[in-house]
Amino acid sequence: MNGIGGVIAAVLVAGAQIAAVAVGGPLLVGVMRKVRCHIEGRVGPPIHQPLRDLRKLFSKQCMRPDQASWVFGVGPVVLVATAVLIAAISPLATTHPPLGQTADFFAIVFVLLLGSVALALAALDTGTPFGGMGSSRAMTIGALAEPALLVAILAMSIPAHTSNLPALVRIGLAHPQLIASPERFLALGSFLVVILAESGRLPVDNPSTHLELTMIHEAMVLEYAGPDLGLVILGESMRLALLLGLLVNLLAPWGIADRAGAAALVIGLGALVGKVVVAGIVIATFEVFTAKLRLFRLPELLAGAFVLAVVGAFTALVVR
Amino acid sequence: MSNLSLVITAIAGLSAAIAGCALPAKTRVHAAVAFTWGACIAALVGSLTVLHTGHAMVLNSSRILPLTGVTMVLDPLGAVFVVVTAVVAIASTLYWLGYASHGLSTRTASAALPIFVTSMLLVPAAGSVATFLWLWELMALSSLLLVLVDQRRREETRSAAQWYAVMTHVGASAILFALVMLSAHAGNQTFAAIRIHAVHLPAAVRNTAFLLALVGFGSKAGAVPLHVWLPKAHPEAPSPASALMSGAMVNLGIYGIVLVGDRLLGGGPAWWWLTVTAVGVVSALFGALHAATSTDLKRLLAYSTADNMGLVLIGVGASGLFATTGHPAIAAIAMVSALLLTVNHAAFKGSLFLSAGSVQVATGSRDLDGMGGLLRRMPITGAVFLVGGLAIAALPPLNGFVGEWLLFQSLLHGLPTSSTAVAIAVPVGVAALALTGGLTAAAFVKAIGVGFLGRPRSEGAATAHEVPRTMQLGAALLAGACVVLGVVPMIVLPALERATAAAVPGAPAHSLRSSVELRLAGLQGVLAPALLAAGLALAFIAVIAIRRLAQRRSHLRLALRRAEPWGCGRELQTARMQYTATSFAEPLQQVFDDVLRPDRDLNVSHLAESRYYTEKIAYRTSIGDVVEHNVYRPMIGAVNAWGQWARGLQNGSVHRYLAYGLVVLVVILAVIV
Amino acid sequence: MSGSAYASSLELASGVVLVCAVVTLWRRSLSAIVKALAVQGVALGVVALILGVGKHDGVLIAVACLVIAAKGVVIPVLLGRVVAGDPASREAAPIVNVPASLVGAGALTFLAYGATGSVVALIPTTAGRLIPLGFATMLIGYFAMAVRRKAVSQIVGLLLVDNGIALVAFLATAGVPLLVELGASLDVLLAVVVLRVLAAQMWSKFGVLDLDEMRELHD
Amino acid sequence: MEAMTIRSILQAIVHPRTVTEDLGPPPQVAADVPRLAGSLQLRHVDAGSCNGCELEITSTFGPVYDAERFGARLVASPRHADALLVTGPVTKNMVGPLVKTFEAMPEPRMVIALGDCARDCGVFRGGYGVEGPVGDVLPVDLQVPGCPPNPEAIVRALRGLTGR
């Protein structure tokens, strides 16, 4: 598999994973919206509605604030680019993704952080109060979520002696007792809370709110129109799908392609889509029954996630 | 040949100083810069040969210093710091060429800066206690002169210089005690002799020496309880000087701790390194928190220096801890990560301070609340600050990320360990690393966003225009270093490994097999920064291409339209409606309220006629430094009170003085009886 | 001179020196104090003379004559001229009243004896036993300087200290080499001249020779 | 509603007993309407209405009429919107903000005048505070008569734009 053959295979795998995430992200959002509507007792938009919105957005006119610099335009592109890179190198459909050996969990988290920082900077460039408010709150929540995230990674990496993501998934596949261990559940619990915080879902932020003063993520993108807005929505949904994909593969890696080969890849993709859809449904159901937390109750939520991760880390230390 | 380089450095530096104060105003700065570059290049050549060959360079001559003679030993560990200082010095002096017309061309300044640079180049090369202390004092005094450069214009410069002078010399005296105590026991004041005798020193001496060195060098590095001078002195110093102080001088504090802790005393009990780690954690969190909530640009940078030095101290502490619990390989990686963090910090902090100086020159103020829209008006300085800000926030394509990744790996791989101290220290260290990263990211999004993006909030920012080319070039040089170190850290790592082998006892020579990737020897930790950067660039280009394709494919070709930003249909959208640095940091300030303890005062003035109608409401909030407020102010108060009481003794009556003499005489005689 | 006569005359002379020191503390009028100082100077010279004769040491005799001349005659005359110029020649109320200062002098003498116990043991000669007297004179002189207000009595106190030291020097070393004595005398002479000038200045500036006026200079 | 057990939630997800009415096939899309292909973002602006039309809009997007299933969605910012849903006669104070909101929308953009007030000031015609109908201020593409217009009419109008 080395040499040219290896490179082509790697490009194919990367392409498959990127396509899966690029199309799967909006579909996942559509599914979650559909589930909310069904529980609310209405039919709701079709699952592929987000794709329709994206197609329409890309054909609309692009608008920029008159005094904004080039950072405003670059923000959404960096957001999507980071999501594309992570989709290419992280173990979604296969445990041997291209550049897999460099897909360190720590590196992936910081590449995603680059995306959110780019968006926050672009929001500040608009020169409107909403941009400033959104980026200030997003960075505050990001800062408070970091400890929970990194200590969760630490907790998961201790028993596996590595923080390399494909290796973590491979070890999870090979030794199921590692997955059933308490530190994996505690770490993934705090990882889930961080995912909800980072992707702006309830209870941290209400994506479908119209009241600017309560927005966190939405306030940053009020200024985007047409293709920029399309990129932002695409980027956000890809990040959500990615993070859920990683969460699912760390929790239940069964079905992921362990060896090379097209058949295994297809099975892997199928398993990925299935698991992520189940996770999406669970989150959507949870969202229907919960309300948005006040901004200054969030530190308690994120501190709780941090404590979960620390307890996970200590159990990993003690149990080993 | 390489011993010669040290001599050339000294001579060039001296001649730069002489040129600085002798020549007339016009050519003074240029001559001083030329000679300083000569000194830096000589030092670079010397230290690079040492790093390449691996063995130290010794030079001693008893003629220069009267009593003790000068011994210079440049070993790989010192060489790393000399290289860093030289690069930052070259960039800062290049910046100084353009900056000179803004008040840094007086005789004292253009003599003090070269001396400051030369002394910092030679401190890591000092081989004996006397030489080290002599150069350390020279560095402290010349930097004090630089802080005092524009004290005539601003009063707080004088008080900052006072704080700086007092705290530097408290630290210097602690270092003096430690080194003198060690050399007394060793009977000979060269570091080599001290290292030999260090083994059979009594534990009490070793502990006190280490603690004194930690206090002395910790205050220089800005560790928290002793950091109070940093946010006062750095903003007041002229920009090239504050870039040198933050980029090079604080590193020497770290060099000192490693020198005394590892090189001279050859490691110590675990509690030493636990204290270093604890100080590192507290400094990191405290610095990051204050950086996130301060609105003065240079004060923000000064606090983030304390925060980065805290991270380095965590690395140093972790390396010592792992060395004591018997993991030399991981101890070596932790030390390499600490050194890499120091090198990275010098690069991005230097460029940040220089571009902050350019912003101050262009807009006339350092207050973030009055800036905005500078990226359009000062494109290159803005871009440099952007690169520096993203680097310090440890974001992937740049060098801050590689340092933090290495530190995280060393903490992680030290974990399955028997000793409970390590088991507790590592998760706490990781949590501190993470929260500091988050807070620094928030601080620098604020600095970049409020400072450079959006609309100008004051007249100064609106009329700002780009600074002269040499100033841009100086800052850009260091920003370029950030990018290069981020994408290809492998060029620096072999040198850092050789320095670690010199510092950490028992460290394997090659702890990182570094090719395109950073592969940790014997461990499962790999990172390929080059591939990551290439991937990002590729993805970036792909997304732009797809976006343009999608737009072209759509049936209506609509041109980009620039319009007034959407403000809920508000009639007048002014720059005052934007978020300022204070409001940006307000959520963080509220979350960490009890640590920051902001003092808020609200006074409502009512109309004369009736109390029901308020005439004016004034709200003012400011964040003081908690440590300064609760630790230093009471101490100063106590000293003043005691001084006041003592004044009473001297009330001018001759009799009282004679009586004192008599009483003392009588007491002594009584004692003899 | 026979042994006992030599010893008794020596004790007498040293006793006179100590008594004069106490007298300066006791008497309030400046002229009386200056006279006591003169007597003490002469007594000191006599002690030196006795020692010189006892040792048949020509140099010591010469020194004794010099001491009598300087301390017994020249300095008191100088001081007398200063006192003459000052109409309020009575010492103002000293800081410590007279009885208290006398008790103090007693305590100081007792202390002197205690402190010089080991020195006396060291020099078993008759002169050696008298050293505490010189020491006591010195302490009393110091006490006088600290207690008295007038410039002149300060000078007298200083001279008492000097005489005490000279006495101890004579008794302990059985004769002070000429050069040392000359040096010491020269210093004292210098001190007196300076104080004389200072007193004159004070006199012309404040009109009164009270040291408390000096306090205004402080703030 | 019976107790929300896990089984009943799963039941609701898989076989939802929705209350939404079936509103028949989509109407024919007019020629000059830009091709939105089933995705219509609306930005609602109340230019002085008595909130009668707002209540109808709420029930249009409620469970019974559920305009979302045809691809219509209310959004927070005109930048994200394709059509401006304007209710009520344009009062003097709302002229400026209404025009600003319209300016803030990217091309291709439409204006929907909802209710009689928007069409011809309805009962408020001649009021001292009324500037005029929406037509006087903005180019109106679609008008929905009724005071207030019932939700079927609104949904039919929206489906006319989305073509679903």
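Going by the order they are written in, the chains are A, B, C and D; count residues from 1 in each one.
The working rule: a contact is a pair of C-beta atoms (placed from the backbone, for glycine too) under 8 Å apart; a residue touches a chain by one contact, two chains touch by 3 or more.
For clarity, every value in this text was computed on a predicted model and none was experimentally measured.
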| item | value |
| --- | --- |
| Pair exhibiting more inter-chain C-beta contacts, A-D or B-C | A-D |
| Remotest chain, chain D as reference, centres from CA atoms | C |
| Closest chain to global C-alpha mean, per-chain Cα centroids | B |
| Whole-Å gap between the CA centroids of chain A and chain D | 33 |
| Gap in Å, rounded to a whole number, between the CA centres of chain D and chain C | 117 |
| Chain B and chain C, separation of their C-alpha mean positions in angstrom | 68 |
| Chain A and chain B, separation of their C-alpha mean positions in angstrom | 35 |
| For chain D, residues that touch 2 or more chains besides their own | 77, 79, 104, 106-108 |
| In chain C, residues with contacts to at least two other chains | none |
| Numbers and ranges of chain B residues touching at least 2 other chains | 555-556, 558, 561, 563-564, 566, 568 |
| Touching pairs among all chains present in the structure | A-B, A-D, B-C, B-D |
| Contact set on chain B toward chain A in their complex | 292, 372-373, 375-376, 382, 386, 390, 393-397, 401, 404-405, 408-409, 411-413, 415-416, 423, 426-427, 430-431, 433-435, 437-439, 441-442, 445-446, 448-450, 452-455, 517, 523-528, 531-532, 535-536, 538-540, 542-544, 547, 550-551, 554-556, 558-568, 573, 575, 577-579, 583-588, 590-591 |
| Complex interface listing, chain B residues touching chain D | 555-556, 558, 561, 563-564, 566, 568-571 |
| Touch list for chain D against partner chain B, complex | 34-35, 77-79, 96-98, 100-101, 103-104, 106-108 |
| Of all residues in chain A, those that touch chain B in their complex | 58-71, 77-78, 80-82, 84-85, 88-89, 99, 101-102, 104, 106-107, 110-111, 113-114, 117, 120-121, 123-129, 131-133, 135-137, 139-140, 142-147, 149-151, 154, 157-158, 161-164, 167, 212, 222-223, 226-227, 230-231, 295-296, 299, 306, 310, 313-314, 317, 320 |
| Chain C to chain B touching residues, read off their complex | 95, 108, 111-112, 114-115, 117, 139, 142-143, 145-147, 149, 154, 211-212, 214-219 |
